[in-house]
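Chain nomenclature is as follows: A, B and C, assigned in order of appearance, with residue numbering initiated at 1 for each chain independently.
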Amino acid sequence: MKNKAYLGIDIGSISTKAVIIDDNNNILTSEYIYTNADPINAVKTLISKLKNKFDYNSYKIVSIGTTGSARKLIGKMLGATIIKNEITAHAIGTINMHPDVKTILEIGGQDSKIILIDNKVISDYAMNTLCAAGTGAFLTSQAKRLNINIDDFGLIALRSKRPIKIAARCTVFAESDLIHKAQIGYKKEDIAYGLCKSIVNNYLNNVAKGKKILTPIVFQGGVSKNIGVIKAFEEELKQEIIVDDIGHLMGAYGIAIMSKKYEDDLKFSFNINEFKFETKVSECNKCTNNCEIVNIYKNKILVDRWGNRCENGLK
Amino acid sequence: MDNKITIGIPRSLLYYKYNTLWLTFFNELGIDTLVSPETNYEILENGKKNTVSEACLSLKIFIGHVNYLKDKVDYILVPRIVSLENEMKLCTNFSALYDIVKNTFKVNVISYNVDVDKGISEQDAFIKMGQELGFGKELILNAYKVSKKEEYKQRKINYLLQRKKLNRERTKVLLVSHGYNSNDNLVGKIITDNLKKYDVEVIYADIINPDNREKLYKNISKRLYWTYNQELLNSIEEYKDYVDGIVYLSTLPCGPDSLVNEMCIRKVNKKNITIYMDELSSTEMIQTRLESFIDIIKKDDIYE
Amino acid sequence: MNRKVISFPTLSDYNTPIKFILEKLTDYEVRPSKQITKDTLELGSKHSPEYACLPFKYTLGNYIESLEDGAGIILQAGGGCRFGYYYELQQQILTDLGYEFEFYSLTDNDVNGIRSIYNTFKKLNPHIKKIKYLYYLLLTFLMIYFMDKIDIYIRKNIGFEIHKGSFDRIKNSMLTKFSKTKGFIDLIKNYLYYKKRFINIPLDKPKNCIKIGIVGELYTSMQPHSTYFLERELANMNVEITRFTNVTFLLITKRFKEKYYLRKIKKYCKYTLGSDAMENIARAKILIDKGYDGIIHIKPFGCTPEIGGMKILENLCNDENMPLMFLTFDTNTSELGIKTRLEAFYDMLNMRRNNEK
């Protein structure tokens, strides 16, 4: 008899992550790739990569959970047993990894959020409301502008002795301010660290405003890979920040754990590449709401559709 | 009175409207006052820290000034003004200011509550405030009257000085903005300093003729019910033929300005530029925009 | 005969009573603006000042769609705060766009509700008799009052219907009946009949279901499109919902409740804060006292009065250990983002519940 295994996938705007765990929440294998604005193909690639690493002679996948911004699409495509938002998934994953965590700071591609944990339960959370300033996407685009490889960004920022002040409440303002500062001839590292600081300030002033940040603090999301931002957080909060190697996998890990409750007799196959998935968006036109209906086709056969606000849409 | 008290006055928002009235009034009653300094980055930072992020920049600056004063004085003056005339209103921030401050800091607040629409005049409000400070009605009324006279005098002088500027042979720009913006060190001063650098005369729309009873604003907007915006529109009508261009300046997000300025742009035929100020708007960017605007209005001079 | 078409910005189910009274009191053909779609908001935003509040953009979009659809007369609601100024600027914008139309404001700056509504109807139809006006006004008020009462019941229970769509079906049937109201007795009879039908809808409702209260700005509260059907999303998660703002409140009860509300939160507010901001804090207190699990505060971007109340609301909820979520709606608010937040909020409330046990 094979052992049970549980698959969690987190499909974000920038990267797609997968984790397979066993009954004791140990990570059996994991994978991480860029989404490149094409979640379907990203997941296909992801799963074929997992196929090469996964020991399917000893384990059998009995549940699948999806989370992240494309959670529904991919969930329907894979026949997931649970589809959940990334806030809850992140919290559950982190609580399992760091049972005493009190604060989770998360800065991802498009979103940033703060989750407060009290006695292993989410007690409060907040997400960025309006603009993308201070998220991963912003940092990536600015790195490109400064001609810095995003992976080196943090190291370069650490060299800074006099970080510059950058107006960063809004992406548009920040960008023009940045261009201007670069034109005047500020040092690259000072601009880079200035950006890290502005991201942290923006986060603390907008997302985390009014929230009590208690230790232990865990920092996650794509931006947590940037040591410049970590340093800026530590300077600003005057507290130690925990960043673990698998922080970026926490959403996938959390949803995998949550999926354990929804075990099913799955017909999951790693040979997903053999199927052709397509999504088509159509306007319903059956009533005045004109809902946008998302249709998913597997090998040209409609497998699911959603987006309707009333029953008409499904007819 | 044995225990002499000091009242702190935030140099922000209504201060720019009522500084003479307030300072004379408290002086007449023998109360010491402390006005916070010109807005600086520290004040702005503390304002940002202590307000919700969606609040407008002007309110953030105000809260920063209260923060500056909070450990230095016995009371802080935070009036609540809903309406100054029948069927007229101010921005709702002025209704909420008192409670916002009370919910932000543990401070003693001295306040007066004006709501003419509901029958509470400024004079009634001042009497009540004076009584709370332990003074008799007659004394208060006298102080109020003296202060009102002083206020009128000051406003008239400011107005006449501004009228004088109109005849100077220079490029002139009308700055349409609330007094608390146009005079603030980190908001309007950035604009006016730049304009002056280019040898442009700045006419302030918030300097008004205290004797004006004409409803000139109706030429632009008949149903306007925000008092302070009405005053600005009156000024536009009074000054527009003397100036070469108009700068509309507001802080983000401003409820009344967001609609009224659009109305002005549509109805007033004058070269104009709109500048929004946010927490840390880049001064370089504003400079560039102002420079090109000045080029445009000066060019006209050459060709006309 | 080609009758002139009168239009007004669509406001969910309230279209029925508004259409009813206009048909009774004027000779025009009454055509509410089209249901809101993405195009409506896009159209409205394109012609609105960038920092105008969201209802301005929605209603401007409504007007343009109605005018394109042949309307010659537009009726708008007016009201307090910035709403009162919409009329003049929207008229200017539409005129600048080249539309020719008559434009009326129902409450004219909210000076005196009933009298100004009468004055507006007088302009729409000079031959109107005061007694006829009063009769239909009262009848319409009563219709709205009944609708609001029923809605309160629906919000509490729609998340638990056994047969999906039961509430919607009966409600649509009720609105159709209401639109053909013949008089007071007819209306009351219909109301009682439908009330019974609603109460008889089979439910599967656990005694201790999650309860969420919604407070906030009035347009986002009453126009489900503007919040991507927030209430419906919550109901689908099996949540009992309470929301206070409705037309009955705005037209009638608001003025009587001010003192009561202020008393409720005298620890936090000495004065009203403009629009319904103080009221919303008091409502949060009511929800806390009733043992609700969470509060969601909604508003359009840049809504000055509600922003003014945020800090105070936050203090209240912190003191009472009450989960509170702020949602701001803007032209570029993502529907998915809202869903994610709602889902996470629900999960959080659920976890807190389980933890208490």
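What to note about this one:
Throughout what follows, a residue touches a chain if its C-beta (ideal position, glycine included) is under 8 Å from a C-beta of that chain, and two chains touch if they have at least 3 such contacts.
Note that the coordinates shown come from a computational prediction; the quantities given were computed from them, not determined experimentally.
Averaging Cα atoms per chain gives one point for each, and the point farthest from that of subunit A is the centre of B.
Taking the mean of all protein Cα atoms as the centre, the chain whose own Cα mean lies nearest is C. Chain pair with the highest count of contacting C-beta pairs: B-C. The distance from the centre of subunit A to the centre of subunit B, with each centre set as the mean of the Cα atoms, comes to 45 Å. Here the spacing of subunit A and subunit C, counted between their Cα centres, is 35 Å. Listed for subunit A are residues 129, 210, each touching two or more other chains.
Under the contact definition stated at the top, the residues of subunit C that touch 2 or more other chains are 301, 314, 328. Within subunit B, residues 52, 54 each touch two or more of the remaining chains. Residues of subunit C that touch subunit B in their complex: 49-53, 56, 81-82, 84-89, 92-93, 96, 109, 111, 268-275, 277-278, 301-305, 307-312, 314-315, 328.
Residues of subunit A touching subunit C in their complex: 69, 84-88, 111, 119, 121-127, 129-130, 210, 287-290, 309-311. Subunit B makes touch with subunit C in their complex at residues 51-52, 54-56, 80, 82, 87, 91-93, 95-96, 98-100, 102-104, 113, 221-226, 252-263, 266-267, 276. Touching subunit A in their complex are the following residues of subunit C: 34-35, 37, 164-165, 168, 229, 232, 301, 314, 323, 325-328, 330, 332, 336-337, 339-341, 343-345, 347-348, 351-352, 354-355. Looking at the complex, you find that subunit B touches subunit A at residues 48-49, 52-54, 278-282, 284-285.
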